[in-house]
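Input: structures, listed below.
Common to both upcoming complexes is chain A, partnered first by chain B, then by chain C.
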Partner chain A sequence: MVADLFQSLLRRPAGLVSAILLILLYGAAALAPFLAPTIPSAQDLNRTYHPPTTLVWQEGRLCVRLYRLVDPSTATYEPLPGQAAPLRWFSEGPPYKLFGLITSKTHLVTVESPAALYLLGSDATGRDVFTRLLYGAGISLGIGIVGVFLTSLLGLTIGGLAGYLGGWADSLAMRLTEFLMAVPGLYLLLALRAALSSRFPSDATFLLIVVILSALGWAGTARVVRGLVLSLRERPFILATNILGQRPTVILFRHLLPNTFSYLVVAATLSVPGYILGEAALSFLGLGIQEPSSSWGLMLGQAQDIKIFMLNFWWLLTPGAAIILTVIAFNLLGDALRDAVDPRFRLPGR
Partner chain B sequence: MTAFILRRLGTLVPMLLAVTLLVFALMSLAPGDFLTPVKAQRDINPALIAELQKSFGLDRPWYEQYLRWLGNILRLDFGYSWTYKVPVAELIAQRAPATILLSLCSLALAWGLAIPLAVLAAARPGGWIDKLTSGAAYFALAIPEFFLALLAVWFAAQTGWFPIGGLTSLDHDFLPFGARMLDIAWHLVLPTLVLGLGGVAGTLRVLRANVLDVLRAEYVTTARAKGLPEKIVLFRHVLRNALNPLLSTVGYAFAGLLSGSLLVENVMNYPGLGRLVYEAFIREDQFVVLGSVMVGCTLLVIGNLISDLALAWSDPRVRYGR
Partner chain C sequence: MPSLVEIRNLSVHFPVKSGLLQRQTGVVKALDDVSLKIDKGSTLGLVGESGSGKTTLGRVLVRLQNPTSGSASYDGQEITSLDGSALRPYRKRIQMVFQDPYNSLNPRLRIGTILAEPLEIHFPKMSASDRSARVAELLKLVGLDPAHARRFPHEFSGGQRQRIGIARALAVEPEFIICDEPVSALDVSVQAQIVNLLMDLQDQFDLTYLFIAHDLAVIEHVSDQVAVLEHGKLVEEGSAETITRHPSHPYTQRLLASVPAL
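This part shows the complex of A and B:
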């Protein structure tokens, strides 16, 4: 089944491009410490709001231009004419841990000390935006995957049980989902966040956010799984298992739920953006990922300074572009998967 | 019809009970209360704090506090905001109209833009209007509202064409009536665009699919066979039928708008309910949170009700009650 899915995905260019883009993004997030020229907490108070440094080709090598601070009050920098420092490939920099295990000092690219490599500029304390973007990708993208996994599990179990058992369990579950869908989500998000924050240590914020988002997000999945189970329940092969005298748990988990799997894959892909956006919104409000960690929402939250808007420090808004790109990729991939899994879902006219 | 309206409003009661109970329980699970900043000050007499705690009922278990609060609500007393030092009802009466205004404007924008575009797109599936609007909708649905709000503030700051935040100018109170309305409209442009864009995209996609569905109906063929101009077929016969499923989703759209406005209001410094709730949550100003959540949920139920009534008005097949 997975091979079929892959085959039909290959025939859809938009879906294929999105899949490749997402693999690249997740790869970059996993290898962030190595790919980044420095570590996310490295500050340089002499180079705040530094614009992106230009790369030039000089003496047969790729070099980065040197800059001079012209006016500290408006953070105006001006490139020094003709001066540049060569990029050093696979050189030593600040130590880091890859995958949380391997300690290393080798970075893909760094520069000699007086020069600075800011591929996407620096922020209010002179930290490299590109580095923080890479490290933030790990958190923002990770929450998407972990959150969707948890939600699918919850939705599958609750929706499956509700559809299979029927009766009071069904109506209880459905009233609960209606409630969750009717209340403005962010209000509940805020309340849950306030209540749970003391139950989690501060370095487990990642986990906290995933739990909150999943606790609010399972309703849609559960409703559809219930609907599918309700219709599957009447199909001959389920009646056959009933007649064979299989236990209800076996029927539910072995025969009913696997048949909702293809729907789940599509729904999960299409709901990843919701988690990425949810984390971004929470962190943006200052209620999600906290310093010194970095996430795309947090970075945007810190870009809410009127100085940034007046002086046009546009590079501080790049995490937004990263979010948009990821969300579009997930949506395109989800649409392609949906077309591949079940042509009936396809919108008319396409 | 009256019975239907009453029944729908009746569902409001259990829902409000459930939501406020949940929020109340969650907030009392959170460490500290609105007196925590006061307690942190050294020069305040502990006796005063004890007295305050007693007068606000903070020394009781949370369910007792909840029942008390509920009793006060029945007497239409929404409590007192500790941080703003005014009654909660007054605070909400100030803020809610701004949020309702913003949501309605966004809804109007979403429908006003999406309806003609969707019909034109569906009239020629695969045509350039269709491709353009589908692509734009894809993009618009991917932009987080708060990021769009940031971009709007950046745009306003860079061009100076629009105010950067707020709902009124400094000299608002001294302006004549007409100029005051213009002032508010001017401040509403960017927040409405930011909040409404996602709605435009969502409505567009659903409506396009609906129109394509309806176009295959036999009465459309009949209308065309009668020799009606295509414009009349599309906008009078197709659109009215395609709009019906959409009308019933307005209520859910309203829920999205309330959540979205929380973020947009915070970024754009818009004096609405969303910012009030957020700030109250941060300061654990319990009664303000509860009051705002209640007003938000009531708005939702009323929005759902209106959309059901609109559906009954527009679709003769739908009948409520007996």
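This part shows the complex of A and C:
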């Protein structure tokens, strides 16, 4: 089944490219501490708003150019002609914990001290944007996946049961979804944030945000699943299982819910961006992920300074580009998956 | 000899609700005081226009629809009041073949799984290998290749799917099969094949059929007895030959006159 899915995905270029991109992104997020040249909290107040450093090929090695601060008031840097420091591969740097377990000091690449490696520039306190982007990916992308998983589970169970059982269970579930959908999303988000924040320790903000976003998100999924189950329930193949005397739970789990999967997979994939954007919105408003942790939303929030636009510090907007890339990849993957999970769309030659 | 199926004064009424308060303003009589008997091993053809209550009658017999009044008994046992485990034996004895072959098979399951499901329910002691052997046997029985068990429903034509639907009904070794317009969604040439298959299977397994159709030519071909429904009322009943050669009720005469002659 999984192999089938993978095969049909392989034949759809857009889906394949998106899948690879997302695997790379999630892989990078997981290995962030190792891939990043430094740690996200490492500051350098002498190198604020440093532009991305250029890499050059010199003396048979990849080197990073050295820069000189020309004008501190506009943060203008200028490369020193002919001067460069070699990149050190698999070298020691600030200590970190990989997957929260393995303590290590080895980074993929670092540079010797007077030089600085800013692949995507530095921010207002001289922290490496590339490093923060990688660490932020873990949080932003993680919220997307965990949030969608929780929502789909809730939506499928509640919607499926409401549609199948009908009666008071249906009414109760649907009035609840209507209530959730009637309250403007952002206010509910803020209200839930205020109501729940005292129940979570400050380092569990990640969990808090996932819970908030899932609590808001399941209503839509549940309504659509309920509608699908209601219409499927009267289809002859379901009637046939009734006539065979199949148990209701088996009918629900073998016949009804799997027939909502192609919708659900697409809806889930297409709603991952919603969670990433939801996290970004909360963090942008200062209610999400807090310093010194990093997330794409938080980084964008810090980039809303007028100075950054006036002086064209474009590298501080790379989290936005990362969000756009991820959102597009998830959308394309959703389309490809919809075709792949539906046996009717299975390509011939199998 | 007592009849296998006896329907006595069966009525199914659907309330018509309208207005803001959804008050009942009328009633649709899908079936109105219908009494019928079906003998073991015979075929009762049930004819009537769309909306005449044919399908509702079939649905009452498989308990997809509860009657408003009246009763239906199977092999001497009243079945319209049975529930849960008491109903279970009758789920094995009474089966149904559906009109729409495109919607009567779960599109996500392979044919083998679809045909194994009735076996899992009614023959729980059967081993997995016995089950797949039985599935192959069923496929052969309805004129399909046992290797088709690995395929999905969408890979088959309408006629082939109808054969699979028939195989599913046969899997539990039923005595009585309700054929709810089994051929009306098929091409004419395929219709003949399916009708002949059903008749062969009837001879082979001593099956009793309730054959619902609106096509009188098909009905005449398969039925021993014919019942004619009009707006939920039984207007005429008799042997297939009497009804098709010498209809006495004006509605039956009109139905016969509307059959296109080639």
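Definition applied: the second predicted complex is superposed on the first by the 308 of 350 C-alpha atoms of A that agree within 3 Å, B and C clash if a C-alpha of one lies under 4 Å from a C-alpha of the other, contacts with A are read in each partner's own complex, and residues count from 1 in each chain.
The rule is simple: contacts are C-beta pairs under 8 Å (C-beta built on N, C-alpha and C of every residue); 3 or more make two chains touch, one makes a residue touch a chain.
These numbers were taken from a predicted model, which means no experiment stands behind them.
Which of the two partners, first being chain B and second being chain C, lies in contact with A:68: first, second, both, or neither?
neither
In the superposed arrangement, which partner chain does A:194 touch: chain B (first), chain C (second), both, or neither?
first
For the overlaid complexes, name the partner, chain B or chain C, with more touching residues on chain A.
Touched residues of chain A are more numerous for B.
Contact-wise, after the overlay, does A:105 reach chain B, chain C, both or neither (first, second, both, neither)?
neither
Given the touch rule stated above, what does A:303 touch, chain B (first), chain C (second), both, or neither?
Touch status of A:303: first partner only.
Looking at the overlay, does A:331 come into contact with chain B only (first), chain C only (second), both, or neither?
first
First (chain B), second (chain C), both or neither: which does A:243 touch?
After superposition on chain A, A:243 lies in contact with chain C alone.
Using the superposition on chain A described above, determine whether A:235 touches chain B (first), chain C (second), both, or neither.
A:235: touches chain C, not chain B.
State which residues of chain A lie in both footprints, the one left by chain B and the one left by chain C.
In the superposed arrangement, which is not itself an observed complex, chain A uses no residue for both chain B and chain C.
If we count contacts the way the header does, which residues on chain B are in touch with chain A in the complex?
15, 18-19, 22-23, 25-27, 29-31, 122, 125-126, 138-139, 141-144, 146-147, 150-151, 153-154, 156-158, 164, 208-209, 212-213, 216, 252, 255-256, 258-259, 262-263, 266-267, 277-278, 281, 284, 289, 293, 296-297, 300, 304
Hey, which residues of chain A end up touching chain C in the complex?
Residues 235-237, 239-246, 254-255, 258-259, 261, 343-344, 346.
Quick check: in the complex, which residue numbers of chain A touch chain B?
Contact set of chain A toward chain B: 179, 181-188, 190-192, 194-198, 273, 277, 280-281, 284-285, 300, 303-304, 306, 308-310, 312, 314, 317, 320, 323-324, 327-328, 331-332, 347-350.
State the interface residues of chain C toward chain A in the complex, per the touch definition above.
For this pair, the touching residues of chain C are 62, 64, 87-88, 91-92, 94-96, 98-100, 103-109, 117-118, 121-122, 152, 154, 165, 168, 172.
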